[in-house]
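What follows is a single structure, written as structure tokens, with notes after it.
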Amino acid sequence: MAKLESHIPAGPLAQKWSRHLFESKLVNPANKRKYEVIVVGAGLAGASASATLGELGYRVKTFVYHDSPRRAHSIAAQGGINAAKNYQNDGDSVHRLFYDTIKGGDFRAREANVYRLAEVSAQIIDQCVAQGVPFAREYGGLLDNRSFGGAQVSRTFYARGQTGQQLLLGAYAALCKELAAGSVESFSHTEMLDLVVVDGHAKGVIVRNLLTGEIVRHAADAVVLATGGYGNVFNLSTYARQSNATAIWRAYKRGACFANPCYTQIHPTCIPVSGDYQSKLTLMSESLRNDGRIWVPKDPADRRKDPHAIPESARDYYLERKYPSFGNLAPRDISSRAAKQVCDEGRGVGESGLGVYLDFADAIQRLGVEKVRERYGNLFDIYHEITNEDAYRVPMRIFPAMHYTMGGLWVDYNLMSNLPGLFVLGEANFSDHGANRLGASALMQGLADGYFVLPGTISTYLATVKPDQRPPTTHPAFAEAEEQVRQQIRRLLACRGRRTVQSFHKELGRLLWDHCGMARNEAGLKQALERIPALREEYAQNVNVPGSDQDLNQSLERAGRVADYFELAELLCRDALERRESCGGHFREEFQYPDGEARRDDEHFAHVAAWEYQGPDRPPLRNVEPLVYAEVKMATRSYK
Amino acid sequence: MKLLARLFRSTLGQKYLMAGSGGVLVLFVVGHLVGNLQFFLPPAALNRYGHLLQSNVEVLWLVRLTLLAVVLLHIVMAIRLWASNRAARPVAYASSATSYGASLSSRTMLVSGLVVVAFLGYHLLHFTVRVESINGTPVAFHQLREPGTGYYDVFAMVVAGFQVWPVALFYGVGVGLLSFHLTHGVAALFQSLGGRNPVYAPVIRKAAHGLAAFLLLGYLSIPTAVLFGRGNDYLKHVVEHNARRLAQAPPGEEVAR
Amino acid sequence: MKVKLKVWRQRNADTPGRFVVYDTPELNPNMSFLEMLDVVNEQLTLQGEEPIAFDHDCREGICGTCSLVINGKPHGPQRGVATCQTYLRSFRDGDEILVEPFRARPFPLVKDLVVGRQAFDRIMTAGGFISVRTGSAPDAHAIPVPKEAAERAMDAAACIGCGACVAVCKNASAMLFVSAKVSQFGLLPQGQPERYRRVAAMVEQMDREGFGACTVTGSCEAVCPKRISLDFIARMNRDYGVALLRGA
């Protein structure tokens, strides 16, 4: 059984982080260059961590499967990044951001982690501005803010609808600076396929060069995974097509615990699915909900009518009706579920009936087209490109879609997993968002982890390892891991079955969406748990992976990732089944109040479930880390 | 020296040289036209102007050599950039090239430039060196003298030259391509030297087109006027005058000249 | 609708490539161009052929991974979008569509339609950053930035690094890309200390990579999925000139 020690420092909440930094062991500057750190992934968390560790003097190797460390899917975040700057003088503070995040996460996150996140948020903005991130500004030359779901203050900093892109390019620029300085070495087109564990410590990775097929071993003193979330297990999601769970999944199979896999976030404002061929779903920034009003017709008979022909009196602005104080800005899980509810009632709009209107008519009347264009122009453009509809004239149609995973590898306060030497950052870990993430908080967490937290905590581990004592890549653990990787590749290529990887992925995704999507129940989960292993078995027998392993083979890359999804999907359902309560993104139909709101069970489930791999033939072990709330009182989350 | 090396080696430096030399040549071309438009004044004006330019040999050759150097620089840079630009795409696209926002003049600068160079060569041999065998007319250019002053008769030479319609046509093609070259060249000059911003980018474009049109119409007006008969009588008068003069002159004088 | 695809297939840089014609199955006009390639690839896989390799990732026009020259135009017929945001409704039923990889010496061909664009990373590494150590930044409001400057910097910063400017330029010039990065930092007060050193280093790296020179045809601006303006090239030209005079 894994030991789950959170290592939360003692002392008052507000002083934990500074005290921890002071009390942590440091690595002497001359010794830093004797430590090698592997960073996998170069999204916000990975790029910022690589750059900052490089600045500190560590020797860093950064691996990305993209052609360049500037392409990770952080780049697609549109809306903004939260920070407790209180530049608007509207009553914001570190404590308020902390509280909003804890409450937004439905009281399923660690207080100390979240407080730290809120604390360093302000520094992130300073850092990014200094790097030349062109945040939106007011005429006075100071930074502008907008408001976002789940908060009643304006604390979101943004760069048009491309905030993620700008922050990622900032982190990438910082990485370039360190590449130029020679402290970081970057490996593009290189995918991590296994973690190497030597004497219980993470000491290296096995990677595959995607262009040549070459399998290479890399040893290090510590391994940092910043490889993002696992939402693509659903096939259709707002994730990039290449985003995958392979790195964290293989780490899980090497002993790292996987926490709260069932906490998956469905984003309420995506463009509805248009057909079977669809490869991904496109998100419309939640910021649209600032000025757009969400509605469906009151009468299901009206659902195919021209929206302009439906009078005000026949429209149901259901978010405003149900949640008068937050209205259209209710948190994501709540808005998503509300949309599902109205569609289940047969009031959904569009071809498929799976859509609700997001209407800007009022905003255009109030602000004028120009102002609306200035705020959301690029989003309206994206919408037009995809749907061929003009949202200035007809209301947008939106529907929830798989968007983010709050679960991930378990980490302690230092962001180190239960495997010593293995650090996990950003969406890949489980740490800060509890059961639901608020808008504009993912960027905040990724950058907090990479710029400020890991660089401060990695020395707590490295100080315990002697410098220059990495195991050589000739160590048997490397050979064993490499052989496993080779075997899997051989197996996939040798299969030559009759179905494509994509067809399996689609089927798996559909199964998960139906049984473990926005709403889950015991019967459905059990059914999924029966069908997934069968499908996995068929995959092993009947998948067709063309080509060779000696050159660029995109089918092979995908095949390995989908193989991992089958296993992960099972864990996801298992976790969802075991968590017999509704909280945040995890909604169990059996556990709801009569009005349809989620019913938490704090008595039995105020804990983190961290799953531990037990081998291919035994079910995983469910370890528990209790959540202790000293500062805030657990309350029923209400946005009414 | 490092500055010069960077200027000649970097692509941007070469573009500066391209643009700078182009700018000098544009100024020359404009000046040349303004001077030549005196063709529409009585013949004495153009002849006096010609004499003014020709009479100071030191200044004349200084200007000529400078212009020659600038032209050579412009050509050498063009060819070097062309070569490195070609090398940047060793494998061509299969689809027929489409312009996408690029004007025809911008895509054919090298061709238009080379034709202009050929034209320039002819022009120099025709009117400056006065190689009689290429002017296509029995009038001997180098014998033309203005009655009265004895200045070299530029006006008569221009008339004689352009009365040969194939020559006039070739001039038309030459200045046509030159103007075409400059519709893009002048705008690109500002871009390459960094003198363009969103505020006056449209102004530059219009100004470039305006200038090109002015040059085209200006330069075309002269051969056109000749073909419509301007200076015909004057030319006859000068030719007769010169024939008389040469008949009276002691033998050998012409050779000495 | 159905279309006929004429696609460049090439095993690797050392083997000669050729065009192969594929007839697509029935398609939906609301499909994206890449989704159509997915469908064709599914079909090829089932026929036991190797699918067409092409670059893609976010499929929402922001990561800059997708490329392709479609009927002679990078990112397809629509203006201001990347290939992943090109939809089949831009084509007609029965069209023959020519699909080629980006062609430029600094973008070596990897396989089929995939090319390497690491040259851009090397240009960025040469100086495409503001040297600020993590944690050492002053308060974000310490330096006010005029809204106009911030907006212009954002116009430049919108570049997604896809390389379409290089692909379309008749000289395979990377100046639009480089100038966008140079201008983003050059327009902001934070970028001033390294302004001239940066432009010199980036331009010289661009030259070493073997990109062509700008002849101001403007086709880069016309195909840029983010509509980056040619004005930034003028700005870079100006800055580089100053850098030369200053010996930066």
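By letter and in written order, the chains are A, B and C; residue numbering begins at 1 in each of them.
Note that a contact is a pair of C-beta atoms (placed from the backbone, for glycine too) under 8 Å apart; a residue touches a chain by one contact, two chains touch by 3 or more.
Small disclaimer: the values here were computed from a predicted structure and weren't measured.
K.L.:
Draw the chains as dots and join the ones that touch; what shape do you get: line, ring, star, complete or other?
P.N.:
Topology of the interface graph: linear, an open chain of contacts.
K.L.:
Going by CA means, which chain is nearest the middle of everything shown?
P.N.:
That would be chain C.
K.L.:
Would you mind pulling out the distance in Å between where the CA atoms of chain B average out and where those of chain C do?
P.N.:
Computed value for the inter-centroid distance: 41 Å.
K.L.:
Measure off the straight-line distance from the CA centroid of chain A to the CA centroid of chain B, and report it in whole Å.
P.N.:
Those two chain centres are 66 Å apart.
K.L.:
Hey, how far is the Cα centre of chain A from the one of chain C, in Å?
P.N.:
27
K.L.:
Of all the residues in chain B, which ones touch at least 2 other chains?
P.N.:
none
K.L.:
Where on chain C does chain B make contact in their complex?
P.N.:
Within the complex, chain C contacts chain B at residues 8, 19, 69, 71-73, 98, 100, 103-106, 168, 170-173, 203-204, 206-207, 210-219, 221-223, 229-231, 233-241, 244-245, 247.
K.L.:
Considering only the defined contacts, which chain C positions touch chain A in the complex?
P.N.:
So the residues of chain C in touch with chain A come to 11-12, 27-28, 30-32, 34-36, 38-39, 42, 44-46, 48-51, 53, 55-65, 78, 80-81, 85, 87, 89, 110-111, 114, 116-118, 120-121, 124-141, 143-147, 150-151, 153-154, 157-158, 160-161, 184-185, 188, 190-191.
K.L.:
Would you tell me which residues of chain B are touching chain C in their complex?
P.N.:
By the definition above, chain B touches chain C via 2-3, 6-7, 9-16, 81, 84-103, 106-107, 109, 184, 187-188, 190-198, 201.
K.L.:
Considering the complex alone, what residue numbers of chain A touch chain C?
P.N.:
Interface residues on chain A, with respect to chain C: 48, 51-52, 55, 66-73, 75-76, 85, 87, 123, 125-143, 159-160, 162, 164-166, 169, 172-174, 176-177, 179-180, 186, 188, 211, 240-242, 274-275, 277-280, 282-283, 381-382, 385-386, 388, 451-452, 455, 498, 500, 502-503, 544, 546-547, 551-552, 554-555.
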